Structures are given as structure tokens and as C-alpha cells.
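Letters A, B, C, D, E and F name the chains as they come in the text, with residue numbers starting at 1 for each one.
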Amino acid sequence: MRVKVSRKAHFNAAHRLYNPEWDMDKNQSVFGLCNNPNYHGHNYELIVSVTGDIDPVTGYVMDMKLLKDLIKAEVEEAFDHKNLNVEVPEFQTLNPTAENIAVVIYNKLKPHLDSSQELEVVLYETPRNFVTYTG
Amino acid sequence: MRVKVSRKAHFNAAHRLYNPEWDMDKNQSVFGLCNNPNYHGHNYELIVSVTGDIDPVTGYVMDMKLLKDLIKAEVEEAFDHKNLNVEVPEFQTLNPTAENIAVVIYNKLKPHLDSSQELEVVLYETPRNFVTYTG
Amino acid sequence: MRVKVSRKAHFNAAHRLYNPEWDMDKNQSVFGLCNNPNYHGHNYELIVSVTGDIDPVTGYVMDMKLLKDLIKAEVEEAFDHKNLNVEVPEFQTLNPTAENIAVVIYNKLKPHLDSSQELEVVLYETPRNFVTYTG
Amino acid sequence: MRVKVSRKAHFNAAHRLYNPEWDMDKNQSVFGLCNNPNYHGHNYELIVSVTGDIDPVTGYVMDMKLLKDLIKAEVEEAFDHKNLNVEVPEFQTLNPTAENIAVVIYNKLKPHLDSSQELEVVLYETPRNFVTYTG
Amino acid sequence: MRVKVSRKAHFNAAHRLYNPEWDMDKNQSVFGLCNNPNYHGHNYELIVSVTGDIDPVTGYVMDMKLLKDLIKAEVEEAFDHKNLNVEVPEFQTLNPTAENIAVVIYNKLKPHLDSSQELEVVLYETPRNFVTYTG
Amino acid sequence: MRVKVSRKAHFNAAHRLYNPEWDMDKNQSVFGLCNNPNYHGHNYELIVSVTGDIDPVTGYVMDMKLLKDLIKAEVEEAFDHKNLNVEVPEFQTLNPTAENIAVVIYNKLKPHLDSSQELEVVLYETPRNFVTYTG
């Protein structure tokens, strides 16, 4: 009996979208307002889901408290109230689009899970824009 | 790295459910209140998702602004503040159930996407009723 | 100890905004898309609040079940899956704007409450537009 | 044309997590606050989805009213305002974790569906914790 | 410049509504399902609002972190994952209706605020039922 | 018949909280993570409400389209995708707390309303923190 368990979390951060190999005009035409060199920001809403077998002894796929703590340690402490471009190592050379942030979060969480478990990361950049990555 | 990017949109419309090959009694027993010949209406909430590879140059699967504009051109301008049965050509001969509306939206959007991209349409008819179509 | 108790409800309806004393051009310039003569529709979300003293015997200001039943009898049965302009008597001569619908709901509910109780009606026409009427 | 139709429902219940084969200390260390022998409770939000072909005669995969009634008969009447551990037979010997509740709901609903239809159960234990079971 | 600052919080609890001076039949007829002697439960959502002057030095009416910590100390630690009737002293002799819970929360928080500040407590018992108390 | 009409809007921005008359340690102890000199950001959700009499000719207190356009011109174009501290003149010498942002929005909108109309500004900094200003 494989079940997917999901946990919502939250972090606030500043970011800017641009490609350092392009000039300002090209960045402006591709990224528009998101290219503001003074940064803008978001309340990112995150849903992390782990799919695995129900442990018949506990009735849990994974203790939600452990999943909450894992998200806090790996994602919230690294990203919350940060400037993603300036302060988060993964985005020194990677454009912090929602797509890339979701992939980075996936890669930070996956090693902490059992190899039999599948991981899904959903990241809301705004209430109307979100992305999903499953590896 | 395939990622699903999703965009929420919105339109209001009037509709009526009925099968013109049935008499009023049969329509009433199958469609109940939804068969009201004077129409009723909904705030339809729409989530359009496109799954594809992240473009390493932009960090985007698809520019959300383009997806927003595509939904506006193909769906909102065609359906918003309209009577679906009376004013939308696709529903002249097709019952505008949530299922059929989702299929019509899918068929309107799909030709505008890259053939390597997958499309998913989620349509909320009310906050408690919604449908999902993936082709 | 006066407490406000609130209950959410829901109805779907079609409507059209127009002033019969104006010609089509004037109606179009004032009401725009909302003037569509074929109607459009909404999922109206309603929050009805009653403020009164806590009854020390029950701990209730008003039994929420009674409030739910009152909303069902007076509002949902009268408006749900209806065409407001065509089928609801109050809107035969009154433009069914959100403002006017809220006033009509208030006037239908108020006589059923204790004279010592205050009534507030909040009506969402869309998730982004709503009105509040307190008499 | 296979479409997934989804219906949200709701029930409130009390429960307690524990394994009767463990002593109190072990239960406390695994289940923490959820092990409170006096019970705690939740507003469970449920999303039941049925995937099947659109019936060309009605435009429905399944009449949402029938799905609503099925959820009411099989889930709400059995679980709403109940103590899951004490009053619901399935949890006499099964720990009422969100995972196990979702599996029980799935098993109660599945026999009522057409064999060609797929079922998905999503259960929110809190706004931040939820599980998904697809059989 | 008086501003109202609001903070959302959450707790889960079991409860039962009844009046010990009434017999079982009377309790059943007034409180219905909520009278279940085995308890049921809710995810209570709480919004605490403090109205006061903006401190020109900080730009705050009140540090939201302090408000969050106050709610945690006074409300969440006292009520979360508890049986309100059995484990919370205030409800030994007071029926834990939403109205009474809101008043108890108000009375626990008010002494910690500045006398120049006003307090409002909004308590959601379910997503459709909520109460507001302002002293 | 005075009715309050409300419109939701949205903007994303970066900001930093600090008092330039304090040293870094004092700013850190008061504003914590919000004092990050590299900025962080939010999806601000805004609800603007105007209370006035229903115009008997239109049935409107105020055309929601005009209110939407006013919010766009005065708030969204000034704040969206901006760094509040660096790019918005009002916050050159005013700490951009939620309280102060709400007051600035109020002061920008009020002159555009009829003197008989009242204005209320609700600003969500996060889904759990929000402020209300009514002048």
C-alpha cells in the first residue's frame, strides 16, 4: 500500500532573474520586471511529498514531524529571509527561476529519503504561478 | 530535467446542461437544477500546466507570461462573461459539462505548445467540484 | 459578552447588469461585459454573521445549524442555480449588482433574527470582488 | 477521452495515535502529542477523484451529485463527529493515521465504482498535512 | 495612526458540547452530533488582532514575533492536541462552544497587551463556521 | 444604504527593515531576519475597501473596474517587482513595515475617492501576518 504524504512549508526570499552572459537589453526583453537589478521578492509556498509504503507498525509512510524538520533544516534555514542570488550558493551560477529552485530543493531533500521512496516538490512562486518536479 | 509549470486563470460564464435529444422530463431527471432553461453560472477557476524540459539558457520550461497570454487569448477572451451554450461555438452541439469544457480548453491550447511538451487542464466549476484532463 | 457568529454558504447563479431606462450603448459603456444580454454567471460565496449575547445555558449566540438552515431556506433555495434577473422577484426591477444582492439577502434574513441581534452580509461575486452590508 | 472528476467533502472527528503492543513511553516517543489518551481532533478535508471515460450522452464521467451522495453515505455518515478509535469499526485494530484513514476510505468507495474507473483519495488532516492514495 | 495587526495561528483539539444540568435527551436535541460523549474534534484556525498606534521608531504596532510567541505560550501550548473538556481548566465548567473558546482566548491574551491596545479574536471551528469576539 | 465594496490585488516586492539611526546590532536585535541587508521579499496581497452609498441608477457604490484600475495605477505600478527601500520614494525615510506600507497605500488612494466615501486597506505580508488601516 503505497501512499503519498505531503507537507506544506513556507519561505520568503528576494531574487532577480537574469543571464550574466546577456547584456541588459536582452535580459530586459526576456525577463522583464523580474530582471530588476535591485531585486524583488516572493512568499514561496512549498509542498513536499514523499511516496512510500505504509509501515504496518506505525501506520506512517514517514513521520510528518521528521519531514517538517527536514524541510526546515534543508530549505527554510537555507532560503528563508535570504536573497537567493547573493546568499544561496546554488544560485551563484544558476538563475533562480521557480523551475530551478524546485530542482535545487529536490536535490537537497532526496539524499535524506529512503531509496524506496519517491519525492515530489511543488513550489508556488505566487498564488497563480507554480511548478512541480519529480526527479 | 522535466518540470511541470502551472498557471491559474479565471473566467465567469453562464451555462445550462441538457441533451437536445431528450424531452424536458428526462433532462430534468438527469441534470436537475443544472438544466434550468434560464441558465445559471459559475466562476470557473482554471489551472493550465505544461510539462517540458528546463531551457538551460533561461531557466524556464516556458515563460509564464507567454502562458498567461495564451490562456487569455484562447480561453478568457472566448469564454469570459459569456453564455457558453449560446455564444461559444464549441458548445452549440456539445453539452457544457465541466468535463467537456476541460476537453475543449485542452484542444484549443495544445496546438500552441511544443510537441515535446505535455498539457494538463484542471477546471474548477465550483470550489468543491473540479475535473482534470491530460489528453 | 457579545460575539459575532459567522456561517459561510454558496450559490451559483446567472445574471446580467443593465438599466432598462438606458439604451444599449449607455448600458455597454457603464456595465461593459457584465451587460451581456445572454447572461454570465458566478459562484457566489456568502458569509452571514449574527452578533448577539452568548446564551449562558447553551454557550451559543445562535445555533449554527439554525443559521445554516435559515440561509438555505431564504437564500439558497431562492437564488441557487437561478437566473437572478429572470427568476428572482426582487431583481425584476432592481439591478443585480453585488451591492444590491447583499441588501436583498440582508432584508430577507433580518426579520428572522432577534431584534437584539445585528446582522452582517458579506457577498463574494468573484474571489477578488466582494461587498459587505450591515443595514 | 478519460477525465478525472473530483469532489471535495468534509468531516470532523476525534482520534488518537498509538500502538497497543507498545508501552506508554514507546507510544509517547513515536507519536508525541498525537498519542494523547484523551484524544484530539481534526477537520478532515477529503477530495475524492474518479477517472473514467466521458459518457457522450450526458457529458459526464460520473454525475457529481451521485459522487457527493456516495461520499456522504460511505464516509461522512460513518466518520463525521465520531471518535475514530472508539466508534469506527475499521480503526478498532488499525491506527487512525491519515495514511490508514485514506486507505479505509478508498476501500469503502471502490466497490461502488465501475471497474473501468480509477479512484484517488486525498485526505487533509490539517491545512499543512495531507496524504494521497490511489490503490 | 492606529493600525490593526493580525496573526494567524492553529491548534487541533477534541471537544464535546453538553450541559451537565440537562439529561441526555435534552443535550441530544440541542447539541445533536456535537454532543457525542466520545468526543469529536476540529482544526481550529485562530486570528488574533491587536490595534494600536504605530511606534515611529520601529514602524511596528507590535512585533509580530512577540504576538506569535504570546499566542503560542497562552493558546497553542494550552489547547493544541488536547481534549478541551477534560484537559483545559477553563472548560471544566464552561461548554467549549466556539463562542466560549473565543472569549477564553481573549481573556488569556488581553492582560499581556498594553492598555492602549484593543484586541480581537476570530476563531474558525470549521472552514464554514467562525466567531469574532472583541471584548 | 451604505455598502462596503472590496477588491483584492497583488504585488511582489523586496524590502528590508531597519532604522538608520541604530547600529547593526540594535537593528539585528529588533528586526532579526527582516534586517538582512541583502533584502528578502514577499507576495503582498492587498484588499482595498470603499464604503459609500449605493448609486440607485447603477446599483454600484463604485465601479469595481475603476477601483481595480486605481489600485493598478497607484499601487501596483509603483510597488510591483520593486525594491521598496531603494526604488519607492515613500520608503526612502520610512521603514517599510506592513503597517507603514498600509498607511502609504491609504494616503495614495484616499485623494481619488469621493469625500463621502470611507477607505480601508488590508495588507497581507504573508498568509499569516496582515494589517488593517482605516485612516
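In this text, contacts are C-beta pairs under 8 Å (C-beta built on N, C-alpha and C of every residue); 3 or more make two chains touch, one makes a residue touch a chain.
Since this is a predicted model, take the numbers as computed values, not measurements.
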| item | value |
| --- | --- |
| Shared interface partners, meaning chains that touch chain A and chain B | D |
| Centroid-based (C-alpha) most distant chain relative to chain F | D |
| Chain F against chain C, contact positions shared by both copies (same if over half, else different) | different |
| Superposition rotation for chain A onto chain F, Cα-based, multiple of 5° | 180 |
| Greatest separation from chain A - chain, by CA centre | C |
| Between chain E and chain A, distance of the C-alpha-averaged centres to the nearest whole Å | 34 |
| Separation of chain D from chain E, taking each centre as the mean of its C-alpha atoms, in whole Å | 28 |
| Inter-centroid spacing, chain C versus chain A (mean Cα positions, whole Å) | 41 |
| Chain E: positions in contact with at least two other chains | 127 |
| Set of all touching chain pairs, with the criterion as stated earlier | A-B, A-D, A-F, B-C, B-D, C-E, C-F, D-E, E-F |
| Chain B - residues contacting chain D, complex | 17, 19, 30-32, 94-100, 102-103, 127-133 |
| Partner chain A, residues of chain B touching it in the complex | 1, 3-9, 49, 54, 57-61, 63-65 |
| List of chain D residues in touch with chain E within their complex | 10, 12-15, 33-34, 36, 38-43, 45, 80-83, 86-87, 126-127 |
